[in-house]
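Read from first to last, the chains carry the letters A, B and C; within each, the first residue is number 1.
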Amino acid sequence: MIETGTYLHQMRATAPLVHNITNYVAMNMMANVLLSAGASPAMVHAREEVAEFAGLAQTLTINIGTLDPAWAEAMEIAARTMNAAGRPWVLDPVGVGATRFRQEVCARLLLLRPTVIRGNASEILALSGLGGQGRGVDAADPVEAAETAARDLAGRTGAVVAVSGPVDFVTDGASAYRVLNGHALMPCVTALGCSLNGVIAAFIAGQEQLGATAAALAYYGLAGERAAQGAAGPGSFLTAFLDALHVLTPDDLRHGARVVAA
Amino acid sequence: MIETGTYLHQMRATAPLVHNITNYVAMNMMANVLLSAGASPAMVHAREEVAEFAGLAQTLTINIGTLDPAWAEAMEIAARTMNAAGRPWVLDPVGVGATRFRQEVCARLLLLRPTVIRGNASEILALSGLGGQGRGVDAADPVEAAETAARDLAGRTGAVVAVSGPVDFVTDGASAYRVLNGHALMPCVTALGCSLNGVIAAFIAGQEQLGATAAALAYYGLAGERAAQGAAGPGSFLTAFLDALHVLTPDDLRHGARVVAA
Amino acid sequence: MIETGTYLHQMRATAPLVHNITNYVAMNMMANVLLSAGASPAMVHAREEVAEFAGLAQTLTINIGTLDPAWAEAMEIAARTMNAAGRPWVLDPVGVGATRFRQEVCARLLLLRPTVIRGNASEILALSGLGGQGRGVDAADPVEAAETAARDLAGRTGAVVAVSGPVDFVTDGASAYRVLNGHALMPCVTALGCSLNGVIAAFIAGQEQLGATAAALAYYGLAGERAAQGAAGPGSFLTAFLDALHVLTPDDLRHGARVVAA
């Protein structure tokens, strides 16, 4: 059983500086999510400073949503910095199935040993080379279809792999969990998956990877459940979601988390 | 009479993948608007992948809000891809009257035959070469002042031209409609016009252009009317607007749309 | 005693076009803040048009949050344009203590005589060369620790210097004020500091610099106080904050402002 509340408590006590190289759509939401959760976000990408800044951060996220070559180079520099410092980083291979450019960049990033890889089922299938059906950035495959791919990808890369969906699946290749928390309104708000990367990165800073990732997923999904109570649509849900991230306590999470061994 | 509800129903049944090359201010809002409306947004701009990605999309929007030369090049590549595939695209000439650079880029984009051109009155006047008074990105001219320019621009380019304002005007050069839906709080929220481009793009995918554009304007304005009920200012209006886009049904639109021949 | 209400009234009567060269995280929020407050925001950064656009604007903000060399060049061009036109501009040296690149860019920008410099205590300390403790973009030093640095920086540069925090400190090197308005939820929403730059820029367009800056800080903090009433967390606070910026009247500000000589 995963001590979800303890992971949340520890994350807030540390309030890690989370360095994010992410897409333009997600930046604002991701920063608000991290502030609401209790971490300290920063977005820095220029080649002239990305290594120096990554050296100050406890943890890093890389998201290829609105990729271009200069940003891809910054991603590699920052990931190398985290490797050299022995600090964790999270990879989100947004829409990796859609273009050759994304596949090439992700192939290079995989060599830089991400600590956690998080994506939807189509992205994890595409990344593990098994071929997914993703046409854009939304999932076209069910989570179950990506479980074998996730275990395989985790085994090959040494990363914890998290597949987001109605029920999340997370594995380090050996053990695996399903996280049942969440709500159907979550895919109706943009960048909620991207912003989750930051929460995972904050949780895994200085904590055990698989447990911390599962705890982050449960915390995020539980905030979604709370936010959906009384929400009249995606707008009021978004507002209530940031509130819920802020007010949820470790005890709330201990009682509300629904994480089961897979 | 335009069957607004049918256009909305059909858009949601298709849930088109909408490729957007838009400005940094609008990206997040636009993605949320499209998800709330029932479409699937994606933002992709790098030369290395923009054609390949546009090839996957049902429809495209181009918005020159925070323009630079590399993005302008991506816009041309994506528009050409849509032309080659016989798929529609929407042009928003943000602030085209303000600088020579914007005028040059828009002149090139006009040659790539946009399916719909949407702007405020100052932008449509500037684009049609009649000279508007726009100083920044907000309109300084009334919609009525741009009606002749809109008809002329539509006639010359073959595009449907939509002029946004308190009462929208939309024409294909031959027929024209006025859309009376909307609310005074809408210009108090940034990127609402930009985000409307995405909704128009989603509506026109596989549907008749002029009717679908008018229906999209009515749907958007009606959502604004609903959102204004009980809003205490631009913040609560924004939240309620995303909710309204999500919950409005085709029947709601049939009853609430106020579209008249012009 | 500063006539805060008069400054707000005058800003809204002018509704200045505010040109912003700011970071990706802040752009949308900043535009919404300026629209809610009653100004007209625009974001333009390309070398090909930035001088021409700055020539149209009443006032400018520069924020180095997500810096790169091309944007830094645009910042210098725009600041020079404002200098040549005798118009004001606001500098926000985000995370200047974090990297050498930021320090070099800020050194160049300081030579272009910003009208107002606004930052947190760590940033003002770093900028004035006294050394702050800032690791990322959040303040690690109390406002009081930066008061001498602020007076010194103001004296050397001729700028009004504003230090944001629980109690803001603002000085032109000779006089100084403390602004007591504000709320503890404000640092839980991203880009609220960045967006304040825009409000300051709108207030100082055609108005006395030190008084207008103090009035802008009081207006912003008072909106935060109003928004916190009934807020359940950062999400509902953000929504209510935009509402409050919109509905606060000059009389509300006259009665609610808490500005004292320092």
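The criterion applied here is as follows: a residue touches a chain if its C-beta (ideal position, glycine included) is under 8 Å from a C-beta of that chain, and two chains touch if they have at least 3 such contacts.
The structure displayed is predicted, hence computed values, not measured ones.
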> Are the two sides of the subunit A and subunit B contact the same residues or different ones, given that same means over half of the numbers occur on both copies?
Replying inline: different
> Rounded to the nearest 5 degrees, what is the angle of the rotation that puts subunit B onto subunit C, matching CA atoms?
Replying inline: 120
>> Rounded to a whole Å, what is the gap between the Cα centroids of subunit A and subunit B?
In response: 32
>> Which positions in subunit B are in touch with at least two other chains?
In response: 24, 27-28, 238-239
>> Quick check: in the complex, which residue numbers of subunit B touch subunit C?
In response: 23-29, 65-69, 95, 98-102, 135-138, 187-191, 231-236, 238-239
> Which positions of subunit A touch subunit C when the two form their complex?
Replying inline: 17, 24, 27-28, 31-32, 35-36, 40-49, 52-53, 56-57, 70, 238-247
